[in-house]
Structure formats: C-alpha cells, structure tokens
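Paired with chain B in one complex and with chain C in the other, chain A is shared by the two complexes that follow.
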Partner chain A sequence: MKKLILYAVVGGIAFVIGYFVNDQFFSDRAPVQPINFSHKIHAGDNQIPCQYCHIYAERSRVSGVPNVKRCMGCHQIIKTDSPEIQKVASYWDKKEPIPWVKVYNLPDHVYFPHKRHVRAGVDCKNCHGDVASMARIEKVSSLQMGWCLSCHTKREVKNGRDCWTCHK
Partner chain B sequence: MPGFLERIAGKLKSYREPGYYTKLDHKWTMVIDLDKCNGCEACVVACYAENNLPVVGKEQCEKSRAFSWLRIERYVEGEYPDVKVKFIPVMCQHCMKAPCETGCPVYATYHNQDGLNVQVYNRCVGTFTCATYCTYDVRRFNWFTYKWPKPLEAQLNPDVSVREMGVMEKCTFCIQRIRSAKDTAKDEARPVKDGDIKPACSQSCPTGAIYFGDMQDPESVVAKLAKSPRRYRLLEELNADPSVIYLKRVMGDGTSSHE
Partner chain C sequence: MKRRDFLKFIGIGGVGAGAGFVLGKVSKPPGAKLIPYLIPPEDIVPGVATWYASVCTLCGAGCGTLVRVMEGRAKKVEGNPGHPVNRGGLCALGQSSVQALYNPDRITKPLKRKGPRGSGEYAEITWDEALKTLAGNLTELKSKNESEKLHLLASPLGGTIDRLAGEFVSAFGSSNYSHYGLFQRKNLAFANLSAMGTASVPHYDIENTKYLLSFGADFASTWVSPVNYSNGYGKMRQGAGERGKLVQVEPRLSLTGASADEWVPAKPGTEALLALAIANTIVEKGLARDASAWRGVLSRYKAKDAASVCDVSVERIEAMAVEFARTRPSLAIAGDSVSSYENGVSGAIAVNILNQVAGNIGIIGGVMPNGDDLGNGKKIDFGRKISTLISAANAGKIKTLIVYGANPVFTTPKAARLEEALSKVPFIASFSSFMDETTAHADIILPAHTSLEDWGDDFPDPGVAAPVASLIQPVVGPVFDTKSLGDIFIELAKAVGGNVAGKINAPNFAEYLKASWKGLYSRNREMAAGTLGFEDFWNKALQRGGWWGPSRKRTATVSARAGEHLAGTPARFEGEEAQYPFYLIPYAQTAYMDGRGANLPWLQELPDPMTSVVWGTWVEINPKTAASLGLKEGDMVNIESPFGKISAPVYLYPGIRPDTVAVPIGQGHSHYGRYAKGRGANPIEILPFKEDPLSGEAALNSTRVRITRGATGERMVKMEGSTKELGRGIVQTVSPSEFKRMKKEVV
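Our next item is the complex of A and B:
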C-alpha cells in the first residue's frame, strides 16, 4: 500500500514537471518561420500600423497574411542587399507564396470574425500581445473558450455568451 | 446542499421551464405554402450541400439512418389512374416548448434568444434522448465519422463544422446565414431587414414555397402569411408550439387538405 502511494506521488510530480517542461520548452509558441521576419523592426522601430499589411482585419473574417507583392512593394528599394530580403525576392521571382507557419490557429468549429472585433474597438494587443517588441511572433493567449468568454463577459457583449454566436 | 450548488441547480432548472425567454430578440419562423410545393426535393439537395451532410449510402438507409435534415413526406391517395400525391417538407420545427430540450443530460440542446432550438455539437455526448423525445423525427445521429470521397471534400461549406461520430444534429434554420446577415446589418448600422435571410431550402425552392422571416416584425412576409385561414402546424394538439407554419393545399374541388 505504501509503495502504491509512493508511485502515485512520484508519478504525479513527474507529470507536473513533464507538463511544465513541455509547455515551456517544446510547445510551438514561437515557431521558426521560413524568413526571419521581425515585427520589432516593422511595427516597433518603423511604426508601421498593423492594418497596413494585414489589410483584411477590418473588413473580413480573417486578418490576412500579406502577399509577397506587399513585401516587395517596399523591399524592391529598401535593404535589397540583406540575405533575408533576397529570400523574399527569390519567392517573388519564383511566383510562389511564402510558406508562413500559422501561430494563432483556431479550431474549425469556431466562427471568429476579425472585423467584428476590430470594429468594436478591441485593440490588436488585447489578443496578440505586444507584437511591436517581438523579434519572432509568439502566441501569448491560450485561445481557449474560457479566455474568449472572460472578455465577452467583461465587455458585456450582446448575446456574447450564446453558443451559436461563436460555434457553427 | 451548499448555497452555491443550490443556486446552480435553480438556474439549470429554470432553463427547462417553458417560456424561459420571455422576450426574444427575434422569432425566426418558416412558412411553407403546400399549395406551391410539388415535391421536387430541390430543398433536400440544397440542405445536403449547404450543411455538409454526408450521403450515407443504401445500406445505412435501410437501417433508417438516412441523414437528411429536411425530408419530403409523401402521401399517396387512391388507385391508378385516379391518384392524388401530396407532399410535406418536414424539418426541425424549432418548437418553443421543445420536448427534446427537456431530456438532454448535458444541456447540448437549448433554446436561444432568437427563438431557435440550438444543438451544440461539442457538448453532445450522443445519449440519443433528444431523438427519442422528438415528436417530428427530425434529429439525425452520426453513427460513424463519415468521409467524403477525394474531390468532394473541396465542396464542404467552410461556415459549417463537419460533425464526427457520436453527435446528434438537426436543421439549424441555416444559422450561418442568419449570422452573416446579422453581421452585414451590424456593419450598415441597421436592424436585420425582412428578406435578408434565406435558408438554403428557401433559396433553392423553384416555386418559392418556403418563406423565412422574423415573426416579431408585423410587417414581415411570414407574419402576414401566418394570418392566412389555410394556416396550420404539425401535430399542434401536442402543444409543442412549433415555429414552422404550413399553409394547407387547396384541392381542385375547393376543399383544403393538410398534406
């Protein structure tokens, strides 16, 4: 009996440590992107507004990953000698989209319109964190239902707690 | 029992009382004019396409596991050559006093503020209680996780989730279309107009037999049609207060018929 309790306790501790290690070091909060793109340089140092590149955020369900043309619009002139920019240019020459890795991924059964949230005056920072200081984009919010509802409750969204407002 | 448990129990109990929502935002209602219905089943096909319904095949249909959220009931009267065939399209009636809602042990089905009978797929554990309680036999159960053959998966509607094995489902009055109409109305800072929302069945009906609208708006088409003397509802004597209103078919000799 004593042995069983010992096993249970050791197992429990191992589980907690394992969960913590996995959560902190092995989960893909900040996946490596095909191009070493820095939001810090663009949104932080150069003060480019979010919606200059993510143009659909205000008028569509998705915020939109900017196309290569939008990158090249500036980078045909700016910093063309940098190796990372040359990578972008190679995608441009090949006429291929850049295979960005998605960081904020919602499950398919959730209806999330960016436009509703942007137009309601929710700042991008509320969900995406302080992007302007991130060298590589990192997931800062859990995107779980409780996290959604905490904000819906706080802001007293009309019908914000009805299942069919978000689930489809 | 501690106080907080009592409070939760009281709240849950109140959900099950009829007329829990005394004031609704909308009361979505469907009016089906049987005089116009010719039983072509275009609505059934549209429903399959819009709501990602799997085609289960002959074997499953034989076990009465056909998956149509909307079905056409056929009634044949008389002997050849003097045959009369009559049709009724039957879908979820979105009853205001729904029997299915009283049974669910996990509250996966409830009534929302729009007068809709909601099915929450993620909550459903598949006890089959609601389908047993349903008066109109419109609830469908996913016996398997159905797969679409290779090119057909590309035609799935992205606005509707694809359900998995063990989940009960039913007609939603095309909630994705209601939601998108509300979104558009909000962008234009106006309330939802009559005629903004057309469910897939209504849109595809070649004779325009299916009308959809808000019953609380007295100017809406459905509210006017609902005053028709031909009006009736399915199994009204059971007092489930369904939201789908049928208009009787007028026969050649001037009498009206339920089917």
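Our next item is the complex of A and C:
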C-alpha cells in the first residue's frame, strides 16, 4: 500500500514536470506564418512606426492586423520581384485575406484593451519585446495574470488590482 | 532500494512525464488565425461596437431597440431609452431577436416543393426562378380574368410595408388582402370603435392611475404592449405619490395577477357580468359620475344576482364598486378574461361602460383614446376573418395564396379544417424566413429578411397618447440569400408587368420607404419643426430610431351606441359539464406568445415566470382537483375536449380555480425548426372553431375538457424544487412606514 502511494507520487510529480517542459520549452512561441514577414525590415531597418500598420491600437480593444490593401499600398511598387511579396500579391489578386497565425492569445474571460495601454503611454515593447529586431515575430511575455499584475502594481494603476478591471 | 524498484520508479516517472507532456500539447488552443480585412470598411473599427436604432417586430407593440453591432455582426439587442413606447426596456422575446437572425433553421434560399404538401421537402432554386415562377402563376391568373382569386394573408403588419402589400394586391386587381394572428385584440378595437369612434386599442394610462381593475390583462407579460405597461405599472406602484392598487379578475393567476393586491377568480365566462354588476352598484350607491345613458341598461345587473353566477360574494362586489368609484383616478382594463370569449366584444363594451360610469374616459390615469394616427397605422378590417378565408378556399375562390408572417395552420383549431381548405388552393407561396406549419404547405418559398436585416417603419398601436413614427433599418447585411420583404413585392410587380409594375415603380423598398416618409414629413407640420429639410429629418430619425411628438391628452365620451352589442349573458363553453367538468383556459405564455418564440432556444430555456417549467408544455391544475383525480405533479394526463385530445404533464397550481385547467400556448409544433419541432402540445388544436362574430377575433376560452390519466412519457423539467418557501425567509419584507423610518435612521 505504502509503495502504491509512492508510485502515485512519483508518477504525479513526473506528470507535472512533463507538462511544464512542454509548456516552457516546446510551445510554438514563434509560429511559421503564411508569409515570411519580417518586422526587422519594416520596424527595424525602415523605422516604420507600429501604428502605421496596426491602425486601431489607439482607438480600439484590438490593435488590428494590417488589411491586405495596406500591404499592397506600398508593395505595388516596392520589391515586387521578391517571392514573398508575390505571395502577398497573389492573395490580393484572389481577393483573399492573409491567414496570419496568432502569436499572442488571450482567453475570452480576460478583457484587454490596447487603447487604454497605448493611451497610458505604455510602449509596445513592454509587452511585445524588441519587435524591431525580430525577423519572425516571437512571443516574449507569458500573458499570465501574475505578469499583468506585476506591471499594474509597479505602475500603480488605479483599480489595477481589482478583479473587475480585467474580468468583466 | 532494490534494483527492481528503481526500474519501476523510472518506468512510472517516464510514463507520467510523457502523459503530462502530451496533455500539455493537446490542451493548448489550436493555432488561432488572425484574419485581416482585405479592404477595411471605413465606418468599422474592429473591437469597437456600433449601435443602430431600430424597432423590434417580434410582437405588435413596436418597442424601440438599439442593436449592438461589431464587425458587421449583430451581437445584442437592447431597448432604446429614448423611445416613448418602451423607454429603454425590452422583453425576452425582443432580446432573442438575434437568435432569429442567426437561427440555424432559417430558410436560406428560395425553395420549390419536392414532396407532397405539408411534408416540408423542398429543393433549392435561384431568386430568378422563384420570382419567375410566382410571376408566371400571377400572370396566368390575370390572363384568365381571375385576378380576384389572388389572396394575400399577412400577420398584422402596419406602416409602409402594409401599404405596399395592399397596393400590390389592389393593382393586381384583387381586393383580398387580410391580416391574421392570435391576440390581435380586435374585440377591444371593435368595442372602442362603437364607443369612441376609433378602431384601435386605447392608451391605458396605468402609470397615473391609483386603482387598476384588470380583467385578465396579463400586461406584465404578454398583453398588447407589455414593456410599456410594465414601465407604467412600476411607476404606479413605486413612483412619486401614493401607491396605486391593482385588482386582477381572472380564473388563472397570471404573472400580473401574482403581483396584484387582490385576485378575484370569477367563474370563467361571467367576468363581463361582474363588470356590469360593479357598474350597477356604483350607480345604485349614487357614486356614478356619468351614468345618464346606462342607468336603464345597468339596472338589470344586480350585485346579488351576479354574485351567484360569477362566484364572487356580494360584499366583495360592493367593496370593489365603492373603491373603484371613490379612488381617483381609477381604471378598468378589458383583458383576456372578458374578451377571449365568443362574445368578447360584448365583454370589452361592458368594461368601457364601467369606465364611463366611474368617469375614467379621457382623463389622466384613465382611458385615453388614440387619435394621433400619423396616417400609416394598422387598420383593422373586421370583415376579413380566417373563417371567411377558409370558406373562400373551400368554394374554390382562391387560386393563389401568398402568406407572410401569419401561421394559421398552427393557430387555428383542428375543427376549422384549415389544412383541408388549403389543399383546395392550387398554388401557395410563402415569404416566411422559417419553415412554420403554414409555410410547409407552400409550393414555393421566397424567404424574406428578418427585421434586423430589413427596412421598415412602425406606428405603435396602441399609441402612447403621443404621435409616434419609428424606423426599422438594416443593422447587418443579409446573413443568407434572402430578400427584403418590400423588395420581393417590388420585383414581383416588375415581373408581372402591366399596370402592377406601373403602380409600384420604386427602384427598391428603401427608396419606397423614404418616399413614404417624405409624404409623412410634408403632411405633418410638427415633424418638420427644428429640421433643415427632409434629408436632415430623415438622418435624425434614423439616428434616434424615429420621430415622436409631445404627448397629447385627448378626451372623449362613450357614445350611447356603444351598448348596442352588449350581450349581457355568460359566455358559452362547448361540452356538457357532466362529461367535461373543467373549463380550459389556453393562455399566451411570456416567451412563446402565439408560438412564434418556440424556435428560439433562449426562450425555450427561459423558465416560465409562474411555474419555472422549461422546454415543454404543462397543464395547470388546482392541487385540490388533482387530489380528487388522484394525480400528482408531473403525471401525464390527457386533456380531452369534444374536438380532440392532447397530453401534457400536470403542474399543481394553487392559483387556479378548482373547476378550471390552463395550458400555455406555443409548443406542439410539427415544423418550425429543431428547437420547436415535436416538443409539447398545442392546446389550440382541441378548441372549437369559434370567433367573435363582430370582430373576428379567435375565442380561445370556449370549451370544457375532461382530464384522464395518460400514458407515461414526457418528463416535466422545471427549475423550482418546491413552490413553498418553508419558513426560510427567502424574501425579506418590511412595511412601507417601517422602511421610511429605517431610511431616516440610516441617513
């Protein structure tokens, strides 16, 4: 009997370790996107401001994925010989949106507005990391509640630790 | 540690870690996609809601709504706080209108019948083919000089769409355009026509009355304009000034009855006599304010005679009479327990006389006649009844029948033999968005938009003692391949050609509606006030949800001619008392209304406010009666009338007379989508086919039934464990005076 409990405890601990190994080291933090889009070239080398493409960040809950027309606005002329740009153009010709893979995902029970954070002067980098140096976008924050709260506490956000601020 | 044990631990550890790893992998959400717009619409910001003002069309009340739309999807419907009918409130039916829009059982494309009639087997066709087929049929009718054999049967529509439909039928050369629906309250309209000259339900000023005597008007739940009345009722009870009193006369305690101060369960069918006896007592006691025309008529209705007939004591009648006459202002409403009978008009007239005697007509807190029709309100043609349609069909006078909104196959008794009559109509077209029982008989279906996708307008009836014109606008693009109801008529007119196309020459219904409002704008000078021309007015009306003017109080007197149709006898019930011992009261349930709400799952799972039953039909029986029949709660019983039999589980309800049973209307659909089909029973099936001969309103309270034990089957699902509070003090109460004292102490 004693042994059985011991087995269960060992198995259980191993189970938890396995789960976290997967979560911490095998998560797709930088998923392959349908187009090999580089933030390094756009935001880094060419210094395009974030909100030039993510146009809703200041006005809405979501920052907004750039619409295909916006991509084509420049790329009708710029680098049309690149095979990746030709992929964008083919989506545009087919009148299909580009199915980007989501990197930052919040569960439905969390209310997160980009608007309030941008207006409070939080730099995009604070949560999204140094995007200007990323060839492929990579998740750098856990987006877990403790992570949110540590910042809310540090910045002394009004009602920043209230449940209803985010869970509503 | 032994080597053997060590290996075991390694093994278990490995399996555990592997399992944990796999769970970690599969429990992660699959890679969600971020789909951008190809070209962003200018007026949409993703994540930011847009609110559009419109009107709820799920019942005839005409409540203003605000619809929350995000990224082109309607997410939530709320009441429009600025609208004079509902002042921000919205009932469960209106809240569920998004479920009508996105309903999985909507008719998504035009359909052509494949199987036999009534089977519901259809093949999809294009709009071109559908319009051509129907237009071809109409052209043939016209060429044979049989234009008069086109019938259009619609739900009680109002406003511009009603005018367009009427224009279409008359331009075609037919005079057969009729409205049909349960709970049209045509009896009240008829009584009001003979009494006050307008064929509409008057405005009952519940808000300002101090003594409300309601004859079975379940205004807190379904009656006429429930959101408006509930709002008024709240102000009457808890607003400024003295708390008003509510007395409810009805055999079955409704939601409104449950919040009344007094419940008077008079014998079914005799409530009108009770009203007359109260009126006579007022006259006899010298408390009448205006009895000149009625003294003679009323002298026949003595309280002591009425007491035994109505099963209400003389003392109680006298007490009610005195209180009704002395409390100022007081108001009596002719609800379903005087008007749902074969002589319902007479019952409504009796209540009119009672109001007149007590001096309640045309005063604040009394009955305010409507007279503020802006020109597009609902018009009731009392000559057009469902019975006339049935006999016309049987006589071969209908060659083509177009149905919209009405579902008479569900809402007329089997005794009416409507399905048999429909089988004699060679061609039936339906414009319904849902496969209801009547649409299932159609040869061709041209599905119209739901109200969240369509244009329209509404002129609330009853009004709110103020002129009101509301606008319905599409808040989302069409979800399926359906068309605007108005556009169907317009395109059909074009396809038929000739003078029909000449008469209706608008490019589309949106333009037709705008032109109609232009006329309204130029006819009513008050509408133009404060606007810079029509375009400005139109845009403001779209933004606000319509136009409404200041309240206009009107006065009137009941004309002596009102008494012409007063029957003064108890209503008749089919079936001998010895064989069929119980009165049957089928009633409009809060969520399903006349059955239209049954296909919306939110409404199915909404517990009935009085019984807490969900997803089914039940029969309400007094516990004493049930004990004498040896029945307990949940037992299946057969409810049998001389005209048929249905079965339902028993709900023990102390709020019903022992000689009466009640069944909610709304379930028992044979079609109408996955949520409605094959659920519960329809009490209308077992009613005799009776309507008030004057108004044509269906007489729902018109038969007796017997109750026998049925086969076991359906289980009744209800939310309540017990109807008793068992001394747990669930609702804590204090008297008003005590409350005032407590408030002072706190402050």
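We take it that the second predicted complex is superposed on the first by the 144 of 168 C-alpha atoms of A that agree within 3 Å, B and C clash if a C-alpha of one lies under 4 Å from a C-alpha of the other, contacts with A are read in each partner's own complex, and residues count from 1 in each chain.
Convention: a contact is a pair of C-beta atoms (placed from the backbone, for glycine too) under 8 Å apart; a residue touches a chain by one contact, two chains touch by 3 or more.
For clarity, every value in this text was computed on a predicted model and none was experimentally measured.
> Would you check which partner chain A:N159 touches, where first means chain B only, second means chain C only, and both and neither mean what they say?
After superposing on A, A:N159 lies in contact with chain B but is clear of chain C.
> Would you check which partner chain A:Y7 touches, where first means chain B only, second means chain C only, and both and neither mean what they say?
second
> Tell me which partner A:H167 touches in the superposition: chain B (first), chain C (second), both or neither.
first
> Between chain B (first) and chain C (second), which does A:S60 come into contact with in this model arrangement: first, second, both, or neither?
The answer is second: A:S60 touches chain C but not chain B.
> Using the superposition described at the top, determine whether chain B or chain C touches more residues of chain A.
Tallying touched residues of chain A, the top partner is C.
> Taking the superposition as given, does A:R116 touch the first partner, chain B, the second, chain C, both, or neither?
first
> Taking the superposition as given, does A:L106 touch the first partner, chain B, the second, chain C, both, or neither?
neither
> Considering only touches as defined above, state whether A:V16 meets chain B (first), chain C (second), both or neither.
second
> State which residues of chain A lie in both footprints, the one left by chain B and the one left by chain C.
In chain A, positions 113 sit in both the chain B and chain C interfaces.
> So in the complex, the part of chain C that touches chain A is made up of which residues?
Touch list, chain C to chain A: 5, 8-9, 12-25, 28-29, 31-40, 45-48.
> Enumerate the contact residues on chain A facing chain C in the complex.
3, 7, 10-23, 26-28, 31, 56, 59-62, 64-69, 92, 95-102, 105, 113
> Which residues of chain A touch chain B once you look at their complex with the stated criterion?
Against chain B, chain A makes touches at 108-109, 111, 113, 115-116, 119, 159, 162-165, 167-168.
> Which residues, counting only chain B, touch chain A once they are in their complex?
That would be residues 25, 110, 112-113, 116, 118, 120-123, 159-162, 172, 175-176, 179, 183, 186-187 of chain B.
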